[in-house]
Each structure stands twice: as C-alpha cells, then as structure tokens.
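Naming follows writing order (A, B, C, D, E, F, G and H), and every chain is counted from residue 1.
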Amino acid sequence: MIDIESVLKQYKEGTVSLKEAEAFLRSTTTADLGFATIDLDRENRCGFPEVVYCAGKTVDQSVQILHLLMSQYDNIIGTRASKEIYDKLVKDFPDVRYNEDAHMVYQHKGIEIVNGDRVIAVITAGTSDIPIAEEAALTAEIMGNSVQRIYDVGVAGLHRLLFRREEICKANVCIVVAGMEGALASVVGGLVSKPVIAVPTSVGYGANFHGLSALLAMLNSCASGIAVVNIDNGFGAGRMAHSINSMR
Amino acid sequence: MIDIESVLKQYKEGTVSLKEAEAFLRSTTTADLGFATIDLDRENRCGFPEVVYCAGKTVDQSVQILHLLMSQYDNIIGTRASKEIYDKLVKDFPDVRYNEDAHMVYQHKGIEIVNGDRVIAVITAGTSDIPIAEEAALTAEIMGNSVQRIYDVGVAGLHRLLFRREEICKANVCIVVAGMEGALASVVGGLVSKPVIAVPTSVGYGANFHGLSALLAMLNSCASGIAVVNIDNGFGAGRMAHSINSMR
Amino acid sequence: MIDIESVLKQYKEGTVSLKEAEAFLRSTTTADLGFATIDLDRENRCGFPEVVYCAGKTVDQSVQILHLLMSQYDNIIGTRASKEIYDKLVKDFPDVRYNEDAHMVYQHKGIEIVNGDRVIAVITAGTSDIPIAEEAALTAEIMGNSVQRIYDVGVAGLHRLLFRREEICKANVCIVVAGMEGALASVVGGLVSKPVIAVPTSVGYGANFHGLSALLAMLNSCASGIAVVNIDNGFGAGRMAHSINSMR
Amino acid sequence: MIDIESVLKQYKEGTVSLKEAEAFLRSTTTADLGFATIDLDRENRCGFPEVVYCAGKTVDQSVQILHLLMSQYDNIIGTRASKEIYDKLVKDFPDVRYNEDAHMVYQHKGIEIVNGDRVIAVITAGTSDIPIAEEAALTAEIMGNSVQRIYDVGVAGLHRLLFRREEICKANVCIVVAGMEGALASVVGGLVSKPVIAVPTSVGYGANFHGLSALLAMLNSCASGIAVVNIDNGFGAGRMAHSINSMR
Amino acid sequence: MIDIESVLKQYKEGTVSLKEAEAFLRSTTTADLGFATIDLDRENRCGFPEVVYCAGKTVDQSVQILHLLMSQYDNIIGTRASKEIYDKLVKDFPDVRYNEDAHMVYQHKGIEIVNGDRVIAVITAGTSDIPIAEEAALTAEIMGNSVQRIYDVGVAGLHRLLFRREEICKANVCIVVAGMEGALASVVGGLVSKPVIAVPTSVGYGANFHGLSALLAMLNSCASGIAVVNIDNGFGAGRMAHSINSMR
Amino acid sequence: MIDIESVLKQYKEGTVSLKEAEAFLRSTTTADLGFATIDLDRENRCGFPEVVYCAGKTVDQSVQILHLLMSQYDNIIGTRASKEIYDKLVKDFPDVRYNEDAHMVYQHKGIEIVNGDRVIAVITAGTSDIPIAEEAALTAEIMGNSVQRIYDVGVAGLHRLLFRREEICKANVCIVVAGMEGALASVVGGLVSKPVIAVPTSVGYGANFHGLSALLAMLNSCASGIAVVNIDNGFGAGRMAHSINSMR
Amino acid sequence: MIDIESVLKQYKEGTVSLKEAEAFLRSTTTADLGFATIDLDRENRCGFPEVVYCAGKTVDQSVQILHLLMSQYDNIIGTRASKEIYDKLVKDFPDVRYNEDAHMVYQHKGIEIVNGDRVIAVITAGTSDIPIAEEAALTAEIMGNSVQRIYDVGVAGLHRLLFRREEICKANVCIVVAGMEGALASVVGGLVSKPVIAVPTSVGYGANFHGLSALLAMLNSCASGIAVVNIDNGFGAGRMAHSINSMR
Amino acid sequence: MIDIESVLKQYKEGTVSLKEAEAFLRSTTTADLGFATIDLDRENRCGFPEVVYCAGKTVDQSVQILHLLMSQYDNIIGTRASKEIYDKLVKDFPDVRYNEDAHMVYQHKGIEIVNGDRVIAVITAGTSDIPIAEEAALTAEIMGNSVQRIYDVGVAGLHRLLFRREEICKANVCIVVAGMEGALASVVGGLVSKPVIAVPTSVGYGANFHGLSALLAMLNSCASGIAVVNIDNGFGAGRMAHSINSMR
C-alpha cells in the first residue's frame, strides 16, 4: 500500500482533490487487466515485484501479465510456466530466460548479487528432488543471493552429508529439499545454528500420499530452528531465504 | 411437488378418477426418458427449472435431457458441459449459447433482469479462479440478476481489494471465489453486512489437496455472515445468490 | 473501518492534526484490553456488534470483553460460554441471560423484532441436534428475527417433514440442522425456493468422524440453493440467516 | 472347500491313499494357471462360480482365466472388463456377451430366472449413476433374478421417487445407487421394510472426494435396514442382493 | 407414511373434511413432544417401531420418548442408553430390561420368535468385540429371531473358526463383528452362500484410527456377498439381519 | 492347527471314530470360555503361546483367560494390562510380574535365554518413547532374547547415535522406536546390514496426528531393510524381532 | 558434534590414546541418564542448549534432565511443563521461573538482550491464541530478543491490524499466531518485506480438525516470505525467529 | 561410512596428511556426479550396493548412475525403471537384464545363491498383485536367495492357501503381497512361526484409496510376527527378506 501520510499531506495542501488523490493512488499501485489486478506496490511493500504463478492461467493471461511487469521491472519471475510462455515473451524481451528443470520463466537484468557474502545452501536428499531445488535456487539467485547447491546427500548414506558439513555450517540459510520421509531436514537442523527452511517434495509413492509424509515429518521435526513451506514449493523457500538473507 | 390440495379437490368433485389423478400428476410433474426422470415441477417449487449437470452423462443423454427442457422453458442451464453438447443443441435451438470459460451451455431467451437493482458482486482472489467465478456469474445472470465482476484482488495485495471496497459494500450479495488459503472470504466477510457466499477452488498445489485448504479455511472463517458451497461449485454459489437476491 | 472520507475532510479543514486524527480513529473503532483488541466498528460495518467466542478464553478474559461490550451496546452475544461467565456478568448487567442448551450468554435489551414479517425456520433432523439448533435460533432472535422451530423431522420418517411443509415453504430462510448423513438438507432444498443454510452437526458415531459425514453430504447436495457453515456452528447459521433476512 | 467328511470316508475305506486323496481334493477344487489359482469349489460353497475382476490383470490373464471357467460353467462373469477381452473370448464361446455400460463380459447360457417372483429394485439418484447401477442389475440378472430399474429419482425432486413408491415397496430387495450426498439411501430406507443395499458412487466433484461423501453418508444413515458396499461396487451389490433373494 | 388411498376415499365420501383428514393423518402417524416428532407409522412402513438412539439426548428426553413408545408397542428398543434411563422407565414398565454389555434398554413383551427356523449367526473376531456383537444379537432377538453366538474365532487361529464351520454354514444370515484388520469378514464370506453383514469395530489402537482400518478392509473384501454397516453399529447389523431373515 | 496327517492315520486305523477325532482335535487345540476361544495350538504353529491383548476386555475376562494360559504354559504375556489384573493373578501365580512402564503382566518361569548370542538392540529417539520401547524389550526378553537398550539418541544430536554405533552394528536385529518425524529409523537403516523394525509412536502433538507423521515417515524410508509395525505397537516389534532372531 | 579436527590433532600428538579420545569426546558432548542421553554439544552446534519437551516424560524424568542442564547453563527452557516440575526445581535453582500461560519452566540468569535492536513481533488473530503466542514470545525473550506483542488483530476487523501496521513493518521478524482459518498470516505476509513465521493453532472447532484448517491455509498462503511450524508450536516459532534474528 | 579407526591409525602414523585422509575417505566412499552423490560405502555398511530408484529421475540421470555402479559391482538393481534405461545400458553391459513385470533393470553377474537352503516364499492374494510380487521376488533372487512363488491364494477361497500350507510353513521368511482388504497377511501370520513381511498393494478401487485399506489392515493385523512396508513396495520387502535370510 502506498504511503498514506504523504498523500494526506498533498491532499491537505490542496495540490490534489479527493477524487484525484484516490485515482492517483489506485493507478500508481495497481494495473487493471480485467482478468488480473496487478500489484505495482508489491516491491515497495515486500521487497520484490509480484511473482506470477502461471499454473491455472491461460498462456495468454500469463503472457500479458508478465509483459506488463517486464516492461516496468528489471527482475521478474513466472513460476510453473510452460515454454510456450517464454517463446511469446522472448520476442519482446530478449533478456528473458527459461529454466526447464524449474519450470520458471524470468527476466534478470540487474544481475548484481545483493547478499553475496551470505550464501544460501540448497540441499537435496535425492536426485529426484532437484527440479524443486532448482526452483528454490533460481528464485534466490534472481533476487540477488549466492547459492551453494549440495545435491543427493540423504540420510541413507549419512557420510555423504557429513563430508559436506563444513559448507553447510558456513551457509547463512539452509534450504532442505526432500521427499519420501523427509528426514534430512531434521538431521541438518541438528547440525547448524542458522535457520533451516524445509521443502517437502512429492517424490515417492504409496503412503507418501503426494508429499504428505515428508510434510508431516518436517512439521514434526525434533530439531528446532526449522520452518516449512508447501509441498513442492521451491519458489516459496527461495523467497523466504531471500527475506532472511536480506537482513542487515 | 404439485399442489396436492387442488388435485384433491378435482378428484373429490369427481372430475378425475383416482387413477387418472395419479397419472395426471405424474405426467405433469415428470418426464420419463428411461435414463432420466426429468423434474418438470422444479420451477414451481424452487423458482428455476432443473439444471442439468452434464459431467458423468454421455453426450447423448445430456443432449436429450436439455432438448426436452429447452422445448418447454425459456431459460435452461447445463453445467460442466462439453462444446459437443452445444453443437448438437444449436441446430434445433438457435438461441442456445456456450461459454467456454464456465463450461456452460444455456438458453437465455427471456433476457429480462429480474433483480436488477440488486447487484451480486463476484470477487476472485486470483486470475486462476476466474473459470469458477464465471460459472457463478453466468448462472446468476441467466437467472435474472445484475453481476459486478471484481477479479484478482487477493489478500497478498490488500489495497487492490480496498480500492474496490465501495463497489463491494454496495452489492446485495457477495460471492467470493478463492483457492489456496481462501483468506479473501474472511476479509470480505469482515467488511460487509450483506451475506457472503464463499466458493473454495482447487487452484493451488501440494497441501491444498485439490481445494481442501480453501474449503476448510472458509468453513472456519473468523468473520460471520459467510456460508460455503462445494469446491469449484460456481453454479451453486450463483444459484444461492439468486435465491437470496430474489427476496422481497 | 471508520468512514475515511469524513476524517479526511475534518483533517483537511484543520480541525484535527494528523496525529489527532489517527488517535481519534483508533480509539473510536477499537478498545485495547491487552489480551483483546475489541472491534467497536463492527456494528457499523457488519450490522451487529462483535460476538464473543468464549471457548479458548479464560473466564476472566470473556467476562472483561463482554463487560465492555455490554456497557456500550444493548444486544450482545457470547457463544460457547460457561454459566460461570453469566454468573459474573449478571451482577452488573441484570438484563443478561444464559441459555444452557445453546451455551450462550447474551444481553437482549432492545427486544424489538426487526424482521418480524420474515420468519426463519430452524429445522432439525433429530432431537440430538437441538442444542446446535437453539444456538442458531437464539442468535437469529437476538438479532431481531422471528424464528419457527421445527424439530426432529429427519428423512427416516418423511411424512413428519411433509406435514410441516407449509410452514417450511412460507419461511423466508431455512436453517437445516442435521448430523449423521445430513440428508435432510437436500430434501428441504428440493422443496423450497428460499435460501437454505445447512448446519452439519457432530451427532453420530463411527464413520461420521465428528460431523465430517454430514458436512461432506451437505457440501455435495444434489439440490441447489444450499450453502453450508462449519460443523456445529449454529451461531454462524443464525448470523447468516439474519444477514439474508435483513435485505430490503 | 470340498466336503471333508466324504473324503475321510473314502480314504478310510481304502479306496484312495493319503497322497491320492490330497491330490484329488486339490485338482477337484482348484486349477493352477501359475499366475492364477482358480477356485473351482466356489459355486459349491458360495452358490456361484468365481467372478473374475479383470482390472489389474493383463488382457491375456483375464482371457485365460475366463476361458477355463466358461468351459466348465454355464454362467460366468468378468467385471471391469475391456471389450478386447470379449473379442478374444467370443471366438470360442459364441454365447458370451459384453455390456459396455457395465464394463462386464459374461456368459449366461442357463437363462432361467431362479428367483423370478422376487424382484430386485435397482434405484439411482441420477443419470450419471447408471453405469454402476447396470453392473448391479446385470449381475443380479445373470444370477437368475428379476430386476426392476428405477432411474434418476434423487431427493432433489422427491415426487419422482414417491411416484415409484409402489414398485419400490413391492420389491424384495432394494439396491440404491447414488453419488454426491447419497441421501436417496436414507429416504428409501425410511419407506420400506425390506433390506436396502446402498452403493455409493464416485459421481460428483470437489468435496465428494471420489465417492467418500456418499460412502460416509450411507454408513451413517438415520434409517435402518441399510448396509453398504464399496464405492462404485455395483457387482458387490448385485451379488449381495442375489444372496438375500435366494433365501427360502 | 399412512395409506394415502384409504384416506382419499374417506375424504371423497365426505366422511371427513380436508382439514380433518390432514389432522387425522398427522395425529395417527406422529406424536409431537416439541423436542421430538415420534414416528408412529414406522412399524407400518418398516416392520418395527421407531428405535430410539439415546446418545446426544438428555436422559429426560430419552425417557419421555421411550415412555410414549412403550405405552403403545410391546417391543421397543433404546440404544446407547445409560442405566439411568432404565431406572426411570422400570417404575412404569415392569417388563423393561437393561443390558449393560450392549448399552440397550428394551421392552420385549411379545416374546415369540418369529423367524425361529432361521438362525442368525453373530460371530466375533475377539473378546473385545463382544459389546457390539451383543447389541446386534439382542436387537435381532427382540425383533423375533434366533441367534447363535460364535465368539473369539479370529483369523490368527483359523482352526477356531473352522471348528464352528458347520454352525456358520447352517445360519441364514451371518453377522461378522471385528476390529483391527477386520479380516474375519472376508474369510467367512468365502465359506458361505448366505448374506454376510460386516460390522467394523473400533477395537484396536494406532493406525486403526478408531475403526477405520476394519471399515475399509470390510468395504474392500475380496469375498462377495458382504455388505457393511457403520463402525460399532451392532444395532444396524441386527436390524438388517432381521430384514433379511423376515423374507418369505 | 493340529497335524492333520497324524489324526487321519489314527482315525483310519479305527482307533478313534469320526466324531471322537473331531472332538479330540477341538479340545486339544482350543479352550472355550464362552466369551473367548483360546488358541491352544498357537505355540505349536507360531512358536509362542497366545498373547492376551487386555485393552477392550473387562478385567474379569482378562484374568480368566490369563489364568487358563498361565496354568498350561511357563511363559505368558498380557499386553495393555492394568495393575488390577496383576493383583488378581498374583494370588494364584506367584511368578507373575507386572511392568508399569510397558503395561504388561507376564509369567516368565522358564527364564533361559534362547537366542543369547544374538542381541536385539532397542533404540529410542527420545525419553518419551521409552514406554513403547519397554514393551518391545520386555516382549523380546520373555521370549528368550538378549536385549540392549539404547535410549534417547534421536537425530537432533546425531553424535549421540554415532557414539553407540558399534553396539548398534553388532546387534542382530534393531528395533527403532520414534515419534514426531520418526527420522531415526532411516538413519539407523542407513548404518546397518541387519533388519530394522520401526515402531512409530504417538509422541508429539499437532500435525503428528497421534503418530501418523512417524508412521508415514517410516513407511517411506529412503533406507532399505526396514519394516514397520503399528503405531505404539511395541509388542509387535518385540515379537517380530524374536521371530527373526530365532532363525537357525 | 565436537570439533573432530582438534581431537585428531591431540590424538596424533599422542596426548591421548584412541580409547581416551573417544571417551573424552563422549563425556564432553553427552550426559547419560539411562532414560536420557543429554546433548551437551547442542549449544556449540545450534547456538542454544537442548530444550526439554516435558510432555510424555514423567515428572521425575523432566526434573532430572532439567536439573542437570540448569547446573551447567544459565539459560534453560522446558516446554509443555507442569507446575509440579517447577516446584521441584525451584528448591535447588532459585532463579527458575514458571509461566502458566505458556506452560514453560525456565532459568534465565544471563538476562542480557542479545538482539535488542531487532524486534520480533508476535501477532495473534484472537485472544484464544495467546497461550501459544506467549510460548513463542517467552522463548524468544529467554534467547535474548526484544519482543513486541500485538494481540487480537484478526482479519474480521482489518482496521485493528492496520492501526498496528507501523509497528509490524518495523519488526525484524513477524510471528503470526492464528487458529480457525489462519488468514492473518497471508495478510501480514502481504504487508511486510521481513520473514514471517506462521503458527497454526488448534483454536476453533468442527472442520478445523484440531488446527488442520489453519495449518493448510498457512502452507498455501498466496503471500510469499512465509514459512510454517507445527500446530500449536509456539516454541518452534520463537526458536526460528531467534535463529533469523541472530544473523549478522 | 568408512572405518574411522583404520584411517585414524594411518593418519597418526603420518602416512597421510589430514587433508589427504579426508580426500581419500571422500573419494573412496562417494562418487559425485553433480546431480547425484553415489554412496560407494553402502555395500560395506548395509551388505548390498546402492539400489537406484529411477522414478522421478530423467532417463539420462538413471543411466549415468547405473553405469557408474555397474562398472564397479557385479550385482546392481534399478527399480521403477523404464525399458529405455535398459536399452541404453545394455550396449555397454551385456549382462544387464530388464523385467517388464517388475519394472526392474539389473545386472546379476555373480549368480551364486547365497542363502540357498533358506527359501523365501512370495505369496499373493490375487493375480493383479503379481507385478509387485515379482519386484520382491526378483530383488531377493538377485541378492542371492531362493524364492518360492505362491500366487493367487487369497482368503476368499481358503483351501487354495491351505493346499500350499506345507510349502509356506517350510519357508524361512514369508512375503505376503495383497491389495483390497489385505487379509491374507493375517491368515498367513496365524499359520507360521517365521517372520512375515506384508506388502499392501494399490490393487482395488473406491474405498481402497490407492492401497490405504490394505496398508491399515496389515498394520493392525491380529496375528503377530508381521511387519509392513510401503504400499506397492515390492523391492523393500525383498530387501528386508534378504536381510533376515542372511543371518547366521
């Protein structure tokens, strides 16, 4: 939401009428496409422009929304995006990229690393968890963070994890991505003092119930300093890690 | 059910025999297609003719049922309908229409707005909720109501909602369509004195469990004056809003 | 929320400073008890003062909140309240009442019936559903509505319901309260043109899973014009019925 | 299991050795195809030969099992069968039939009606429930029962059901097939003194959770004299009705 | 519901007016206690008077309802009843009995066995299932059936069951009462040709989820000729068995 | 089940009649208490006499069953038993013991260790898991095994586990008892080549849903060589470990 | 885990033997009470000593564990603790405190605020959420953080939240504690750029299923920068906030 | 994890530096492919090399991992593998095989039967359970065990099972594979003294909820000496059986 105080002042000074003030506020902070009310105040409030969740939208809707945002901001992300969306955007925005693993379309023009001295470790239990991990890693990178990928170090072979312990302990934030029983989150949580963000994945079958087993396990971790995002929500984890990493 | 009193009277007067009375009642109030027993008394009892739920029926069954109804009534709705059904009906009923977003086939010949001074606001949290919202909006419109569409004003950018507050507060009934965490229903419920009908959608993934998260959230709303329909049941919300809006 | 426009005007005219305006707005619309931030603007926005949900609060907290509200408003409701709360309030507020069936404590001083020509029918499937039905009925009555109680007319003996059909069809809104399989909501929904609010109750055992069976049944009703509130949420149904009934 | 007493006698009389007795018993009561151990004693014990559930078996496995059974018995049923299975069987068994609605392949050579004076009523709430109802009806017919089909008489239009009340009350057993909220089972259960078998179907969407809503509703019916089979288990209902109907 | 035809005739003949006819019908078929609308037509329709489910009713409500019914009928059942209810009833009805195991209060004055040649076998997997089994057995007995109790013959010691095989196969209907994994229903279902009613019980702990494991197992039985009632619903099983057993 | 072959021989030789043979078999292999059919052949078939699950039985029933078994066998176990049961048994059986932690009553007269060279390790994640662990340990000990207890070594402090690694790797079977997220099972499973039996416990709160989180986690373990028993089923784990440990 | 490198060096230098090294490591990093293996290396690894979860432990076990820890560390926390535990500890540790709201026993001797310039806001939707909020707030305070409590500002009265917006936006971390539909987390998430930790509570009834509704809602939040802990896990949220707040 | 003791010794003797020791340990026990950290110490710890779960990995990832493992070990297994993976591997490894039923790719060069005198019985309830049974059987065979297949002997025709009783009782371990109600596990568990591993399958429909019914049933078995693996986890059962069978 725009700063109400400054508007009140201008309005009081008589520079703008009541109606004008309202219209100004509205057009500055939203863009109305009929099927979408884009939040142009998001970066101001939350530190990064609106991220577009493309699943459930038509290709056309996604393209129009991303087009508008990419015109106004350097760094823009569309998640769960098809390559078709990318193909349409790249004609107008040569800087736009598509990552097939993470199903992300993004424009990353202002490529400076904001939180470079603070590494975010993205750790997976298995190879099958990598697509979600990449969604997290890429999100964090586009937002200006350094990412260290540590993949396939699940608890069935604990030494794989312990060999990477130094890297993990040095990281400022750990994102742990695991399906099946999701035990890796607890083990990492017991090794570090930094915040751990756990991402349950739907990897597995049978009684994993599409990620429920890992989700419940992570919520019930016996280690502390762990918080959890939705199943397969790599983006959410990357975003949360960025929020934490941006603290001064 | 037909008015039993009047039948009793005619029968008493001897105009019709017991058997005749029964046969008359049966044929006046139902039409038997073998695979369907169409309710011809529905409009009399409930204020609108039987609405045909096409999912799970063969195309042929849907067409036959709708054909019979469209011959007898001006305004007829088929929900969850394929375009194939429309293609077969339009040959005989030139007024029939198909709405691809809402997956609805309908005949809307008596296009007078019955409850015109009373607007129904159809509000969505996101763009992905629009197909369900359109099912609600179209249902309400065909039944004779004015609809105001307010789309993509979810709580992540609260000012989008607040800018539309006046329109929302003026509406006679609010239909709130939201997936994911469905928080919009509670926020709208806290702003208005008019009844709010909440429609959880299956938009989302992971722990939304196909709409369960929004459904449970809406049922547990801390705001009052809210009631809930089935997940993705845009039609039900539109119908309920019409019932409310028709009060005198 | 208080009317921003009028505040903007006073502030513009210089009657009040920015700080004063804010403080004024805050104190007019909320009361801060530390453990509770009472919403004094609720009646203005939603048509009835804040209703206090006493479960989960200490007796002392409930009493303090209700005390404050009862001092300022004629008609105040506390739900899921123990008799202990009543005993403490009645000393200061002689008009306060306690209804043991409905577990409600309330002050109902302005006892005029606002929507008297419009009856709300409260219908139960069984005798065990009555406590929840009473919560609904009492809520509606305190808010100024006439209530018609029609109890124990479940579908296992359909004629019981049909004998009351005239009363049911005359009602402006129907609240159907049922546990077990909750079929009564669908049957009533098929008989009337007025809106039906369905309240699933936790009455039953085994595979009713504390009301889940009735809840799911009501959400999936084959009849339309039905919307559902939370399991055992008699208050919510009464409140919703009042919202509907208050339309002009 | 074969009659142990007669075997003990023959064996005692010395007609057969211990090994011979065992081998005889085994070969008389089972047929071993490696991937299947066919129960040739089923008709003796349970009154009808083994019914083949084709889902989850390869076409080839289903064909081999049905081939063996059709060679030995007049009346044989395969459920959840593809037409491909039929196409392979019909070459050798000209009497074999395929019912596309019910997904059943069957041989029905001894077409006498065993329980002809006792009608089984198969009642559906809607048109979409017919495929499951046909599975039930056909099963009962092949086993030698008369079936009365009463389709699409759900509770949203109660008079449709009441017009068929006489037929329903005359039936010896009622099979009620309903999806969504499954209320029809309770209403029928309240009208008849004969046993009611309720079949929940997966017809519906959202919070019906693939038939769970109807299943729970039917298990919690407020009417008595009702028992329930698995979701979409038309065969099981037809089989149970046959067991009941066969009593003398 | 009362026989509409005869009423129509009397009314036609002018013996009774329309109002009188309605009042007569109403008072003959229901008794209104305010908190209960007793179904006096139940025996006529369904073959046995209304059975009172006492859980969820106050002791006083249960007593009043049972008092009214016991005055009018010889055989009356109250399920889930406390001994307190019995204590109050026995003063006026010396024939009333209380069974502590089954939590049933009942009057069984016309103690003739109606279906004596047809035995209902009530079989339990374990000793802990006996209270539910007794509810089933007693219900069937009060309704006039002979019951054979076969207790604690679960599948962990299959010979226990096989030793009772002759009795089981001779029974006209089998009620199988089992908790935990409920396997006994399938094994019995594979041994008999008569209908099997399966009653899942909540006996067990952990992943039995209060009877869910047995319920799901019984619904998914690989044996056919089985239908299921609610968890712990001994009464429902006894009632269903009586319906089946009463066939001629 | 008793050895059929030997019975057939005696019967053939004419030593016993058919009726006598049956009666003999029955009385040798079962004891009928009316409310219980005790399996006297269990030890013969399964290697240990019937174990009595006391929950859900009355104290009296438990005592009678245990009394009978303790008279015939040296080593007898009653699980989920109250101290009251012990108090009644100890009068007649001075060797009977009660373990309050494990809620077990048992007679352990033949106290030789059968599988002494093969240690069963019982490992818990936390202190709160000890009651279930003791049920497992005691069961294994009474059946003749050596048990090594390793308690409170959950993954939040991995070094606690690693310090005990040698003992764990030396064990012949590992029982891992853990609530919350149950991660310990996977970590142990990744360290050993011997079979691991995982026991989920209901320790925890919230989204552990009474042990569901640990159960699902253990079923989905990324380590192999792990099998799972019911939530809180210490007895089952001890019994399974004994079966494994008894192999030669 | 203790620093392996330094141990390797001492061992290499011959100062300690292999056995001595192991014993030293073990005794330095754990304390073995038999029923508990206390992690004395936790503070070293994770920044705060082991926190004792008292539920499921006997009073005696909790006291012994806390006694040992309180002897060695200044700041120690026991969660879900009864007052009885406090009563026993306070005799030996005069600085120990008990907070009845939060059910926490703790020793907080080194009362310096470590992260004083960085405020953690603890926000609740309602008064009933306060016990969980206090667990979070107290945990954060004992670990050395400044906490700002903002209670009862749920979305049903949005202005209550907006009046506190400045305080909320200034906070370094927000903990949002809410039951029912948990919508507050999304609304706060849409207003701030700092990380939000959402704590679902079990406050509510019916379809909230002991906190499931709020849990699912929070996991599916449409706002980003939110992560979730277990239902009612105030401690976990406070601990996570401390981890985040401690970053430099 | 490699033997720490021997490394400590070499390092102490000065043969290798600290860095060298670490590097040596790392490279001996893992292979880093970037997307996979292969556990080369698995056979040493757990008795068999890492088994590759191919679902969720790209074909390319699976091939690279299997390629590396097949180069180093004689016996290697890939589960849930497509034929495409086999086609790529067979070019370099002529001994590799593909089993379409079990969806397994494997190299089995050292084809000696390790535990030949100890047979593992793999028993299925139905023909549809065979694919999962084959996964179990093949896993056990590749690991060096003799397997006896006993298929389609479910409890609906108990004599089929009893005819194979001798074979079953002779087996050293029983794997019971069953869908639907999974009763076979309990029946087998009651017949043998050897350990039983139960594998629930997703065979069935409706209320089997993709294997949940069989899973819950097996976890709640009234027979003891049974432990359960994940739904459809044939591999896990075969692996567990091998662990048990390898004991000396």
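Here is the rule we use: contacts are C-beta pairs under 8 Å (C-beta built on N, C-alpha and C of every residue); 3 or more make two chains touch, one makes a residue touch a chain.
Everything quoted here is computed from the prediction, not taken from an experiment.
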Pair from D-H, B-G or F-H with over half of its contact pairs in common with B-D: D-H
Furthest chain, CA centroid comparison against subunit G: D
Gap in Å, rounded to a whole number, between the CA centres of subunit D and subunit C: 48
Mean-CA-position distance for subunit C and subunit B (Å): 25
Mean-CA-position distance for subunit E and subunit C (Å): 37
In subunit H, residues with contacts to at least two other chains: 1, 126, 156-158, 190-191, 206-208, 212, 215, 219-220, 223-224, 230-231
Touching pairs - complete list by chain label: A-B, A-C, A-F, A-G, A-H, B-C, B-D, B-E, B-G, C-D, C-E, C-G, D-E, D-F, D-H, E-F, E-H, F-G, F-H, G-H
List of subunit B residues in touch with subunit A within their complex: 126-130, 151-153, 156-160, 162-163, 179, 203, 205-208
In the complex with subunit H, residue positions of subunit F that touch it: 1, 45-47, 51, 118, 172, 190-195, 197, 215, 219-220, 223-231, 235-237, 239-240, 242-244, 246-247
Complex interface listing, subunit B residues touching subunit E: 5, 8, 11-12, 18
Contact set on subunit A toward subunit B in their complex: 1-2, 22, 25-26, 29-30, 34-39, 41-42, 50, 53, 55-57, 61, 65, 80, 200, 202, 210-212, 215, 230-233
Interfacial residue positions of subunit C with respect to subunit D in the complex: 125-126, 154-158, 180-183, 186-187, 189-191, 204, 206-209, 212-214, 216-224
